[in-house]
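Each chain carries a letter (A, B, C, D, E and F) given by its place in the written order, and its residues are counted from 1.
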Amino acid sequence: MTGKVVCFGEVLLRLSAPGHELLLRQPRLDVHVGGAEANVAAALAAFGHRVAVAGTLPDNALGHAARGELRRLGIDADGLALAPGRMGLYFYTTGAGHRPSEVLYDRAASAFALAAPASYNWPALLAEARLLHLSGITPALGANTAQAALDAARAARAAGARVCFDGNFRAKLWAAWDGDPRAILRGLFEQADIAFADHRDIGLVLGQVFDDGDAQARFAAAAGAAFAAFPQLRRIACTVRAQASVDHHRLGALMAVRDGGVHVCAPIEMAGIVDRIGGGDAFAAGVLHGVLGGMDDAASLAFGQAAGVLKHYLPGDALTLGVAEVQALVDGERLDVRR
Amino acid sequence: MTGKVVCFGEVLLRLSAPGHELLLRQPRLDVHVGGAEANVAAALAAFGHRVAVAGTLPDNALGHAARGELRRLGIDADGLALAPGRMGLYFYTTGAGHRPSEVLYDRAASAFALAAPASYNWPALLAEARLLHLSGITPALGANTAQAALDAARAARAAGARVCFDGNFRAKLWAAWDGDPRAILRGLFEQADIAFADHRDIGLVLGQVFDDGDAQARFAAAAGAAFAAFPQLRRIACTVRAQASVDHHRLGALMAVRDGGVHVCAPIEMAGIVDRIGGGDAFAAGVLHGVLGGMDDAASLAFGQAAGVLKHYLPGDALTLGVAEVQALVDGERLDVRR
Amino acid sequence: MTGKVVCFGEVLLRLSAPGHELLLRQPRLDVHVGGAEANVAAALAAFGHRVAVAGTLPDNALGHAARGELRRLGIDADGLALAPGRMGLYFYTTGAGHRPSEVLYDRAASAFALAAPASYNWPALLAEARLLHLSGITPALGANTAQAALDAARAARAAGARVCFDGNFRAKLWAAWDGDPRAILRGLFEQADIAFADHRDIGLVLGQVFDDGDAQARFAAAAGAAFAAFPQLRRIACTVRAQASVDHHRLGALMAVRDGGVHVCAPIEMAGIVDRIGGGDAFAAGVLHGVLGGMDDAASLAFGQAAGVLKHYLPGDALTLGVAEVQALVDGERLDVRR
Amino acid sequence: MTGKVVCFGEVLLRLSAPGHELLLRQPRLDVHVGGAEANVAAALAAFGHRVAVAGTLPDNALGHAARGELRRLGIDADGLALAPGRMGLYFYTTGAGHRPSEVLYDRAASAFALAAPASYNWPALLAEARLLHLSGITPALGANTAQAALDAARAARAAGARVCFDGNFRAKLWAAWDGDPRAILRGLFEQADIAFADHRDIGLVLGQVFDDGDAQARFAAAAGAAFAAFPQLRRIACTVRAQASVDHHRLGALMAVRDGGVHVCAPIEMAGIVDRIGGGDAFAAGVLHGVLGGMDDAASLAFGQAAGVLKHYLPGDALTLGVAEVQALVDGERLDVRR
Amino acid sequence: MTGKVVCFGEVLLRLSAPGHELLLRQPRLDVHVGGAEANVAAALAAFGHRVAVAGTLPDNALGHAARGELRRLGIDADGLALAPGRMGLYFYTTGAGHRPSEVLYDRAASAFALAAPASYNWPALLAEARLLHLSGITPALGANTAQAALDAARAARAAGARVCFDGNFRAKLWAAWDGDPRAILRGLFEQADIAFADHRDIGLVLGQVFDDGDAQARFAAAAGAAFAAFPQLRRIACTVRAQASVDHHRLGALMAVRDGGVHVCAPIEMAGIVDRIGGGDAFAAGVLHGVLGGMDDAASLAFGQAAGVLKHYLPGDALTLGVAEVQALVDGERLDVRR
Amino acid sequence: MTGKVVCFGEVLLRLSAPGHELLLRQPRLDVHVGGAEANVAAALAAFGHRVAVAGTLPDNALGHAARGELRRLGIDADGLALAPGRMGLYFYTTGAGHRPSEVLYDRAASAFALAAPASYNWPALLAEARLLHLSGITPALGANTAQAALDAARAARAAGARVCFDGNFRAKLWAAWDGDPRAILRGLFEQADIAFADHRDIGLVLGQVFDDGDAQARFAAAAGAAFAAFPQLRRIACTVRAQASVDHHRLGALMAVRDGGVHVCAPIEMAGIVDRIGGGDAFAAGVLHGVLGGMDDAASLAFGQAAGVLKHYLPGDALTLGVAEVQALVDGERLDVRR
């Protein structure tokens, strides 16, 4: 496929307690490389796209290892800057049944958070790019990253690349500094061709509340308002998640297309979830795969839903299955051992 | 909270096959520290209570390690005697689906079982105690421990502390010596302010059968008889467990209060159980937390049920989650990742 | 029990990714010894039968280790030849939910596949045998093994032993050489007293299609045709498997008896499957245990179904539980911890 | 080779802390099957001998697993009785440098220790035996095992088999009951054709002290006295061990032959020891291999020394390398990777 | 023993690559709890002293776990404050041969580093204290901790407790802020009764250079100058370390006593080092054990040297062996397995 | 650095027993990616060179994973063809002390061995190449790879790139087909500018014997003859290895330069070796780093020796340390913990 996808965001290490243990009950942590945008990059690379990650890693053994892991997944990591500072970490406890999983962030003052916006050479980083992917986590980290995200989005549009923005609103991160999420996120929505956002995310940005009717109705109303507010925006998609227990969810999906109505994927039952982290990122990557590859919108949404579902059954932050394996779920292939 | 809870019983090592393996199919055993009373102690400590464990451990590396583990959990272990002898062990195989889990006891002739009743200085051990917790496992281990349990209960009442007795009837243990369970357990029920027991446990002690009606009716009848027989007894509680499979249970709860009727908690569905051991102990600790903390009886029972449920989703013998995490289940908080 | 069971087939090593990981995401492979016929042997040994495995292993550390593992299970492995060559391997990825498990065979040109038919001394290998067990995998591996399987079956009948043949048709294996599966498998069906085969297996061998009616009707029709075509054949059995997800199946069972109609076991729900590999082999072993031990046909089938179900809850390729544990499932014993 | 070797003794489980950790610092124990006589059996089986182990194991999952492990090693375990009781255990901490390794026995009241001497049918157990191997650990365990060991030795001689006795004096075990080690061990020495013992062991049995001169002189004097006292005794061998540190030893070897003087093997330097347990048992097995196979005495001793040395570089209690690998050390083969 | 020892400093988590791997070559980190002062506390607790740790931990799962680990070791952790912030971490790679081990600090802006000096209630924390132990790492972390260390030392002297100060100069830590190490460390030396420091540490503080003669002469000269400069100082001790390779060192020890000359322990050879971290802390604890327990100075130094040596053979940051095990090395006990 | 290094050879998986275990004593294999040429590529990439690997991998999960691992190390793997077939494997047992390590090859009929010589597009694969690296293992695998190696070497010279050839003679591999090693290796020597070979390798190719004098004299004589026979050859280097035990070697190094004499590096003592595999490949990479970077010959040899030594202290097949870490050993930096 021609043209590469550039994902800009923080690459993190997940340090998790083994199995379903609480942290440090065993003297060991399992390590995964993650980060919302890196997860999207990994899935798109597994789907056969040319993908690069832009950002900043600490110039130490942890940063080097994270960069190597992205390369292992077939991602172009040459645009990742190495700078003094610390690695962004998060500690993770895998819940079960009625005990929720927990994230303990330890990412403050990371090399990424401290990198000056001017340290990124966007024309060079975006050369040959057909799409820039960003998420709302990056601007939530502080003034540096909020500015860098906006710079990146503007540079992408200037270079003729599409912009995809995944809202990913996390109140706890925004609370750590004095940035105004509504204004900053609005600035990013203004650049986006594709947005991943539900009615709450859109409501936050538009200063509106969309709570009439069922999930589909709320989303349709919010999407309509977003299309009105952001003229360049063409598609908005989100998942619809319901929890029967910590490891048994149902995952539906919605996509609104400008002048094209709302596509709906009925929920898929997910019992015995293996690793819920990155489900939304895999969904986004699946939808992007469809959109970039010229699939029709309904097919793109279904591919995204299947990608999202499959991520729940793979350990680690990113989906690394190929197109055929995702398509098999869309197509309803049998579930017995493949020999 | 003022006044400490003293738990008297045997601290055991659980040696379990990894994952769902049979014993010794892999050349490795996973180790947990357990024992019904220590489990109650651990949960109460996690709930913020001052807790001490009384008993006897072997004066060797295993006994020292078990004592250290109790301390790690915030339990006062200074009252645990160290004596010659062996550590009580049990080997454990975690079942799944239609294959039951199995306990293989190797606790005969342990330092605890052999400790002379006179070796315990109850006035000292019970100083500042507001409650003594005992279980029916201790008297089942032999004449020494049967006597020690009775001594402890009497000393507690003499010192003005309440006594809690968890029936925990295990026929296999009683079969190993010539003690009369009915008489011995009756002696302990006579001291108890709170008992954990179902209609079968009560029936055994009273020499009656309570099998008319459904679970609630049988329990109500048995509780009524128990209140009649044991004038100091104020509360009796039990769980109501149904198994759909080895790792899918339903857990309800009942509590009879003297002159207060029977409180009922509707069953909670528990699919994908992680570790069923200690579920009853966590229930008991949860109820005790409510009772000691002045919660009303219905709330205490609900807290106990939630504690019992959560234990099924945590590896190891003891629940080590805090009050907030248990209360969140009572309150029906959402089950997605806590970030 | 008098008379031994001889199982002839390839002993394989399973190299599997840990937990639910993809291959080589962690730098480690878990190892199990397997192979359809060895699995049947292991289960029969666990049920208390005298069992021997015949075949060929490479004369190197891997072959020696596989032989040792069979011995550990109580199988007589003295008849396994050691010869130059390589060990048959398969790499395995354990799926979950909507992500299927995958087998990657690496068994071509193994010592077993290359062993000359004349290298087996069947009269010696079958001494004291009451039954020879074979599967359709062996003839699928090439001309050598196809001939050896036929030799073995004929020698067994000549020696007065019964022959059991498990169809186990695997198109991918047959595709690797120019053997005619229909003719070769027919040759083996002609020797069999007991066959494990469903309506598709029988249809393949007879060149017919049995697709009228439900599973039971199709099986009855196919079995009738097989009894007509193969006069020595007395029993045909198969499982009926339905998948709700990769780790949630339903397993029913059918057995047709010459002049005895079709016995049916209602499906057993299997949620939270631990290891699906070898489920069919455990079923076959269970049925054979019943037949060899003089149980009536319905009881044999139920024992086989229970054995098959239990294998899904035990890691590894073979069921190694005893008769009492299988019978407990048939009898519907309770599913709580056995203490 | 014709005629089997029967080893009589307790089969134990070693539960050891991983790596160089102290016990229970990590929640895991590594498991090995051991026991002095089983170790000799395992090595002889690896050297190609027909070997059986006699003794008693508990009829539970642990006993079954230990039996399976012996079978895996090619040992005939059909003569091992299964009886009620517990498994003999020992906990192990692997030292390093200046921190000694430690054994914590938990073998009291095991099924083996409690087995009645009359429970062994020696004529059956010793059928086809060319040699019975015993150690001084067995009589140290109590009156039952002391009697059984003597019964076995007498039955072996009555059946025309040779008797090998490895002194293995452990004061701590003898201290646990009122047996007289001198009298009991003397009774066993009286039956032995081959003894493994140093000048202290011999001195203990004979009530003499042999401390004049260097190690070789003391051994020669003691051996001379032993040959005088025990007319049937033909060979006495021992290792000479010096410790530079916990994991750096030097191992020499001595063998006295009646009317044949003392053979001496110069010490072999052992730096970086992996697992010291079972070194003496491997030495004994190596010497027995030479003696049973008709090697001359010097060659037998050198083979024993090499077997003993190699055990130090293999994890677990038993040496499981073949004759060629031991002989390669005797022959001084190169130490680079074998490809 | 009467009176407790209070250790004030940062409790850290060590996250280390397994075995001799580089960081993140395997997706796993091994975790130990460390920190120079906590290591001293752990060793003193293992030697039987009453020990408390003062400091600040983050009020999250990591801080709670670290506190629990100290409690497991028998340390009084009730004086450890819990505060918002992050856990101090360090990543560790264990070298071998010619490849050095590496520490990657990630401790900036930890809850300990940010804790206000006024947050410590020294009179309460030092109640019943006979000795306060501090190290030069604490003041190196920033102005807060430099002030807190000085406050603690002054409060200790005011309360009549002795002060022990371990120089532990780390240029890299001091370089991260504008504190003047010479002045700050001098302030702490002025409070110390016992100091652990070599001629370079003393030279740094006094602004002198002591490089004439051999190690002992340099140390004697520096100690003399220190005694002159710091009138309350009574003892100065240090190790003398030489490296043959990364895992083969030699460790000697020196102690100067005011008006008492210099005691010297000849170097002990340490081949095959298991874990070098904490060697100096164990030495300090060993010397303190001697001094606090009234051993003579030569014996205290020898005990300290043995403690330091033994730490190199135990995984983790702290020595947790008892007095008998350390004394055994001083006494030259044999190095074979203790059974 | 300008111009890339292309390494052509088979990428293998090493499947090794954990720790010092024998194969399959634990049900687990540790996995590393290796292969002589890939090891050189990995080290050069770690030294900062642009490096590509050419060859053929199976188009399955194993081949994909191996390719990902090379990418993780910063190697350009886009030139690696994916083709049907199997992955080359080798099983590995890590020896210790007097027990040698062992390689069990399972690489016959791999996708690499079966790839047609014409399948490689050398002009494309060698674009921008400044050096092609080959080893004698590739031609030993069969006629296909022998031809492909020769094609590659000729194409490299035609494209103006230098050729480096590492003899790596393995008699066992050559024995598996009828190729004439002398003629084939001679063909490759004829293309080489740099050769890694000792006096035996050169003697084999030239049909001569060089055994007069010590190691240096033999090497000098052989190198002189090689320079005479191969006019394009400019440098020949080799290590000189002596074994004190399996994990204690001494490693010296020699390099002969046309018209420049023989450079000698004195042996470095290597006690406590961690992983000896790939030591020669790291040496070759180190020498190439020096030669490509314009270091003088003595410095290049010293860098190569240090690289070779350091590989012995790093788990896995390849050295992945940077230039600074290798240079530190050349420079004799201190060996204590780097903080």
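The rule is short, and it goes like this: a residue touches a chain if its C-beta (ideal position, glycine included) is under 8 Å from a C-beta of that chain, and two chains touch if they have at least 3 such contacts.
Predicted model only: the values in this text are computed from it and were never measured.
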Task: Contact-graph separation of subunit D and subunit F, given in steps at minimum - done: 1
Open item on the list: If I average the CA coordinates per chain, which chain comes out farthest from subunit D?
Closed with: A
TODO: Tell me, please, which of D-F, B-C or B-D gives a repeat of the C-F interface, judged by over half of the contact pairs matching in residue number.
DONE: B-D
- [ ] Could you tell me which chain lies farthest from subunit C when each chain's centre is the average position of its Cα atoms?
- [x] E
TODO: Compute the distance, rounded to whole Å, between the mean C-alpha positions of subunit C and subunit D.
DONE: 42
Open item on the list: I'd like to verify one number: the distance from the centre of subunit A to the centre of subunit E, where each centre is the average of its C-alpha atoms, in whole angstrom.
Closed with: 45
- [ ] List the centre-to-centre spacing of subunit B and subunit F in whole Å, with centres computed as mean CA coordinates.
- [x] 63
- [ ] At least two other chains touched by the same residue of subunit B: list those residues.
- [x] 22, 25, 27, 69, 102, 271-272
Open item on the list: Tell me the shape of the graph of touching chains, choosing from line, ring, star, complete and other.
Closed with: complete
Task: In the complex, subunit F residues that touch subunit C - done: 15, 22-25, 27-32, 60-62, 65-66, 69, 86-87, 91, 93, 102, 104, 106, 108-109
TODO: Would you pull the subunit A residues touching subunit B in the complex into a rising list?
DONE: 19-22, 25, 95-103, 105, 170, 172, 241, 243, 245-248, 271-272, 276-277
Task: Footprint of subunit F on subunit B - complex, ascending - done: 25-27
Open item on the list: Using the touch definition from the top, list the residues of subunit C that touch subunit B in their complex.
Closed with: 268-274, 306, 309-310, 312-316, 320-321, 325, 328-329, 333-339
Task: Residue ranges of subunit D touching subunit C (in the complex, touch as defined) - done: 68-69, 71-74
